[in-house]
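Both complexes shown next keep chain A, but they swap its partner, so chain B is in the first and chain C is in the second.
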Partner chain A sequence: MITDMFGSFAPMMPMVIMIIGALVMPALYFITKSRRLLPAASLVVIAASAIMTFLMLEAGYTGTYGSLFTFDAFSGLMLLLFQTVVFLAVLISGSSIETTRMHVGAYYSLLLGATTGMMFVATASDLIAIFVGVEVVSISSYALVAMKRNDPRAAEAAVKYVIIGGLSTALTVYGISLLYGVTGSTNLMDIGAALATAQFSWAFVIAMITMIAGYGFKIAAVPFHMWAPDVYEGAATPVSLFLATGSKKMGLVVFFKIFLILFVVAQTAFATAEIQYVFAIIAAITMTVGNVVAITQTNIKRMLAYSSIAQAGYIMIVLAVMNEYALTGGLFHMFTHVFMKGGAFIVVAALINVGLGERISDYKGLAKRAPLIAFAMMLFLFSLAGIPPLAGFTSKFVLFSAAIYDPATGVMSQWVWLAFIAILNSAISLYYYTKVVKTMYIDKPKDDAEKIQIPKTFMAAMVLCLVFVIVLGVYPQLILDLCANAAAAFF
Partner chain B sequence: MFIEFSWLIPLIPLLCFVIIGFFGTKMHEGGGYLAIAGAAVSTLIAVLVSYEYWTSAAFASGVPYVASMEWFAFTSTTGSFVMNVGVYIDSLACMMMLFSSFISLLIFIYSVGYMSHEGNKKRRYYAEVSLFLSGMLGLVVSSNFLEMFIFWEIMGLCSYLLIGFWSFKHPEGDAASINAASAAKKAFLVTRLGDVSLMGGLFVLLYAFQSLDYTVLFDVNNIAAVDSNMIALAMLLVFGGVIGKSAQFPLHDWLPDAMAGPTTVSALIHAATMVKAGVYLTARAFPLFVQVEYVMLFVAVIGGVTAFIAATMALNNMNIKKVLAFSTLSQLGYMILGLGAGGYVMAIGIKHGDPALIAAGAAGYVAACLHMMNHAFFKALLFLGSGSVIHAVGTEDMRQMGGLAKHMPITSKTMLIGSLSIAGFPLLSGFWSKDLILESVMDAFTEPVGWVFVILWTLAVITALMTAFYMFRMWYMTFHGEEGHAAKHCHGESPRTMTLPLMILSVFAAASGLLILFGFGDTVCIGFDGTKFIVGNGHGHDAMYYLEHIFTNVYTYVTILLALLGIYVAYLMYNKKTLNPGRFNKEGQSFIYRLFANRWWFPEFYDQLSLKLGYGTACGVDFIDKQIIDGTVNGLSSSVVGGGEVLSRAQTGNLHSYAGVVVGGTIILAVIAVALFYFMGGI
Partner chain C sequence: MIPIEFFLIFGGILFAIGAYGVLTKTNAIVILMCIELMLNAANINFVAFAAYNGDVLGQTFVMMTIVVAAAEVAVGIAILLNAYKSKKTTDVDELTTMRW
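Our next item is the complex of A and B:
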């Protein structure tokens, strides 16, 4: 088997490939001075890493590297998710005018480096590993946001991002150190074992609160969401795509790792019910604020940012329900979200490329000017709103039904109210998505409007997302089994 | 041998949608002939499948034909949910797919003439109507609620696209284009409101039964194992979906606005698809609905109120299509009323184990299904007829018509048949079904809270009078009297592709009700023998029962007289002109007149509600998000943490507030968590 070749390094191989890629990119640019070679080379690296991951996953491989990293069905699936995200981002970066004028060597190096950080988080089994992974991602993303030069919005966004990111890091370090103080370990399983016999202490509660707040920034949960619209708007669109679909998923993985392992897997004796409620409240507020504020947005990137906030709220249902079904649904929704939100950002990036603005009103009559792009955008938005038979509907259905009922116990879940808030929110969200569809299909284009042509790489990325949005809606089993395996491996 | 292929019925129009969508511009009539061929093949298969089912042993023993396979499952180590996809064929499904596909076929044929001036937009039109038909047929043959819901939503999406069809360039100018766009959005969003409720209902059902398959949900043993309050909750939520889709009070307001689409689309929505889906769902889920009698009471009240309110709105409207739209609302109200009243009686019968009551309740189900079919025929006829008129004179305003009978003899005569039928003229189809619905409401008089049904019956009888009046007001204003402004430019009778469907439909519109004398009541019925629900054979009543019931009841003659009175008053007012309508409404100034003309002020109410409440809330939250939280937290942060101050001096002022949120948010979180620990006894 392929993993035998690498000995004890085997669980780390997907990351190792990615790190080598990240280090080679600047040198490659220095030698060749070719702006076109780098995206292609990055794609090769990502593909190699993804194939490696897929082969390991298919073979049912599990292994640990020290006590820091574990490769299993869960982390393997998450690796694939992050690889998909960065694949899409790199694919469109190659021809996007927003990114081709940057320092390309550094740009691709940072993208791959940030992805490595996400992959560290996905495989981590220790708080220190999680912390380092998150910081690698954060620091790379600050630079990625700031790299869009000549745009004051990017500079402003980057400064905000750094300061707020720094604060959230401080909070998480505080939480981790408190937890270490209470339990005497940073290994998640050891912490769980220690907590199983521990007594209630306020230090533990404070540790939980600071960690929820600190990592709450990464997923832009309300009230820690302020930075997200500014950053997504200010950054180059491929970077926005990377942050909205990748970085946010990493935050969710952190939450799954810390809270699901501490409270469910390790069966902590106290505080579980309270923490579940905290998450339920945050989830309800996050989805509601995200959706309601999205209604008034006039900039499409800001609107998508708020819609991302709402989607994170849906996935946080997993943290309230805390069972295997919910995790299956949450993982499934994370995947479909990559394709539908990623697809929407790809369309936005493609249209910025041809000189169309970022305001929703710039999309007037798009259906006449670019029928295929408008059609794809319509499907992405309807999928986000949860219209069947698209992927967003199926994944929401699986996710929400977990909040209604747990077949393992056969009792109605106490989170039914949360599911109903989520369903109501889907209805609200339809309003602002429909507004964009109406602008594209019903409003008249300007008189001098011409047909729009977009680069082939954009078209390829868009069609890829479109295919998955339709296929995962009609044939969810394609990924659902992987999600169920991952969830089973987790618990 | 054919029934195994019933999944082809929705699939063929879907295939047509894909082909026309891609290659329509290269085809004759933008793919119109392919759409017709698709509908024809679907109709043919529907006929063969129905024939096979109705001659099969399954039908004879009252069980449906079911075939399904696993679609997706989400499993864990402890259990699993399995979602299936398949077909569920019983008498109700057969009836629905027969008339839906057949009427759609006629409407598609008619479209070739009606849409002939649309040029390269035909591709979009034929692609979308094919998808629409596919949605309806898929909904009808679905074997579980999730599958049904998917087709239900596809139809909602298509209606959005089709109602907004003329939003780019309406033949009547820019104002009408904007109107079409907003009507489409309204239809989509209002029905979605119902869909949210329906989806909630499905989740409750999924929880209660751990499955959404009809075979599981309609099994008496499974039903008995579930708490009846849970079923009541689920069915009320499901009925919320029906209220949205079938445009019942209080979500009825989208349907009249949906007239902004092409008339053929209106015909499709009103007669064969869309709004019938809600009634179908109520009939389909009847075994669950009848578990709790007050749910059925609620259904009946909604139906009765809708029938009455909508009919009043039609009394003084001047737009020919709007009058028909209100009449659809009103007739849908009748169907829901029939199902509700029958279901109420049946629910009580099941509760007390009384076979006589169960049979009496089943009669309401039969009546509503019959009315649904009859209405499909005469409403398709009336809409296509009005389309023919609009095509010829170029306006929808009845005041500009008049005297068209001599220019358009076929349209005029076929529409007369449709009007007589819907008005309940004796022995025409509308008469039978409407009368049976009224009978079933009367059956509920002697049950608990019978007074509600007395009121509903009275409303329904008054509605019958109003129906006869407004239909003939429409017919006389359009085809008789002086020629109006637009009538002088009439092009004459419409082409053969348009009049032929009219003539075919008029035969059905006149005679489809007679099916009640030829076994309809035995075929499309529901029975309950204590151990299982039986849809179909042997548990309905025969023709003599209905004949006797109808003609020995003195109230039947009352309704006949009222219908004739309505027609006569319309004749006096709008043809002979000896009775001036202005006398009754102070020349359009009376409160009642304005109430009806403004649709009871529902549209304004909803506009205000959505503007003030919906958009207002959104702006408010946005404001709070930007200003108040930031502002409060600013103060908080500077007093709590000096670091916030230092940061703000070092960076932009805006950043200060952002950093403040970090602190403020954490504090809020801490307060929530501590409160939870305190109240939940975690400490």
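Our next item is the complex of A and C:
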């Protein structure tokens, strides 16, 4: 067994590989001065970490490091998710023109470092580890957004991001301090056990409010979403991909860890029903605002940003329903979201690379100029809207059905109205996705338009996403079984 | 011994002043300073609770918070400098190229 080689460090090995990669990258650039070597080296590091995680997951390994980190089926699956995200981001960064003026050593170091932070969060079992992991991701992403130096929009986006991020940090730390005061511990299980016998206190209420607000900024839940469209528009597109698919999933994992463990696993006696209602209302508002505002957008990156806010709203159904089946659906939707939203951002990045703009009207007649790219974009967008037989339909089906009915008990759930709002929202989202498809397929291209050739790495990343979007739609068991195992390990 | 409520009220006032500053000030550097105030309010809570609970966990957390706050300000000031180069201002009300 591979984990025997590392003794007590075994649960940390995927992270250790990633940290070594992050530290080696700047030195590698300093020695070789090769801009082409670094993406390849980063891909090797990510692959090594992912293989390590996969072997540990296959062997059913569980272990803890200190009382801070736990490796089990849930955290293993989340590690694979973050590794997939950073793999796609690095794959398209190498040949993207948006990264050419950046310091490549720092860029890849920050990408791998941010991924390490996400992996810390995924394996954390203590608020200290969650806090430090989230901050590692946040501070790296501020720098990643600001690194696109030739664009004043990036400078503006980075200022907004750093201020909103700082505010969110301050809110969460204040909440954690009060929670520590009420329970005398920062370990999630111990906090849950202490709360089971605790009386109502205002300190606990304030702690919950500040923590929901603070981590709400990280997943861009309405009303804490204002920064997301600006940041995704201003950042280089590979970084937007990384933030929209990776950083947001990390926020959701934090929500699962803190609120599901406190209110379900550790059997807190009070406030569970109230918290469920709070999350149901936030989820409903988030998906509605995200989808409605997306309709009016003319910039494709901003439209994808608002659609990604709406997707976070769908996944927040898990926090309202709070059972194992819902978590299975939530995890599965997180995976399919990586491939469909990641694929859409890859197409946008590839088209920016060949000189096409970010406006939706720039995509006129794309189907004639680049049939395969337009076809892929259409499938990604339809998958986001939830058209069968694509991956987005399958995952939304599992997620929404969890809000209607619990297969473990066979009882109709009280959250049917939430599923109804979610399905209504899917219909709204179809409108603005179809507008893009219409622009690509029906509108005439400009007269001087030529065929489009995109670099091979973009093509590889796009085809990879396309394959997963189709395969997960017709054969969901590939990942759904892993998600079910993870949800079972969680509860 | 001073009752713990005193520390909590002090921390709460500090937090409220910081939050008020973040919401009303327009100079980005002043906003970063206000965020520091909010973080320090949490630190006071941690140290007070650690002293009254008689364990060191809260103090450990304060170390983490201080490190994170330092890193955040370092990156934040660099980003503000970068924005100042292209916009010639640190006033957040004038950073409005992107809206809605």
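As a convention for this text, the second predicted complex is superposed on the first by the 491 of 491 C-alpha atoms of A that agree within 3 Å, B and C clash if a C-alpha of one lies under 4 Å from a C-alpha of the other, contacts with A are read in each partner's own complex, and residues count from 1 in each chain.
By definition in this document, a residue touches a chain if its C-beta (ideal position, glycine included) is under 8 Å from a C-beta of that chain, and two chains touch if they have at least 3 such contacts.
Source: prediction; values computed, not measured.
In the superposition on chain A, A:Ile176 contacts chain C only, with no contact to chain B. Once the two complexes are overlaid on the shared chain, A:Arg149 sits against chain C while remaining clear of chain B. Looking at the shared chain after the overlay, A:Thr62 reaches neither chain B nor chain C.
When both complexes are overlaid on chain A, the residue A:Thr296 reaches chain B and chain C alike.
By the touch criterion stated above, A:Lys160 is placed in contact with chain B and with chain C alike.
After overlaying the two complexes on the shared chain, residue contacts for A:Ala487 are found with chain B alone; chain C is out of touch. One of chain B and chain C touches more residues of chain A, and that partner is B. Residue contacts after overlaying the shared chain place A:Thr186 against chain C, while chain B stays out of touching range. In the superposition on chain A, A:Ala419 contacts chain B only, with no contact to chain C. Once the two complexes are overlaid on chain A, the chain A residues touched by chain B in the first and by chain C in the second are 156, 159-160, 163, 167, 171, 293, 296. By the touch criterion stated above, chain C contacts chain A in their complex at residues 8, 11, 15, 18-19, 22, 28, 31-32, 35, 38-39, 41-43, 45-46, 48-49, 53, 55, 57-58, 60-61, 64-65, 68, 71-72, 75-76, 78-80, 82-83, 85-87, 92, 95, 97-98, 100. Of all residues in chain B, those touching chain A in their complex are 71-81, 146, 149-150, 153-154, 157, 164, 167-168, 181, 184-185, 188-189, 192-193, 195-196, 199-200, 203-204, 206-207, 210, 614-615, 617-619, 621-622, 625, 629-630, 647, 651-652, 654-655, 658-659, 661-662, 664-666, 668-670, 672-674, 676-677, 680, 682-683. The touching residues of chain A, when paired with chain B in their complex, are 156, 159-160, 163-164, 167-168, 171, 200, 205-206, 208-210, 212-213, 216-217, 223-224, 226-227, 270-271, 273-275, 277-278, 281-282, 289, 292-293, 295-296, 324-325, 328-329, 332, 382, 387-389, 393-394, 397-398, 400-401, 404-405, 407-408, 412, 416, 419-420, 423-424, 426-427, 430-431, 434, 438, 441-444, 475-477, 480, 483-484, 487-488, 491. Those residues of chain A whose C-beta lies close enough to touch chain C in the complex are 128, 131-132, 135, 138-139, 142-143, 146, 149, 152-153, 155-160, 162-163, 165-167, 169-171, 173-174, 176-178, 180-181, 184-186, 203, 229-230, 233-234, 293, 296.
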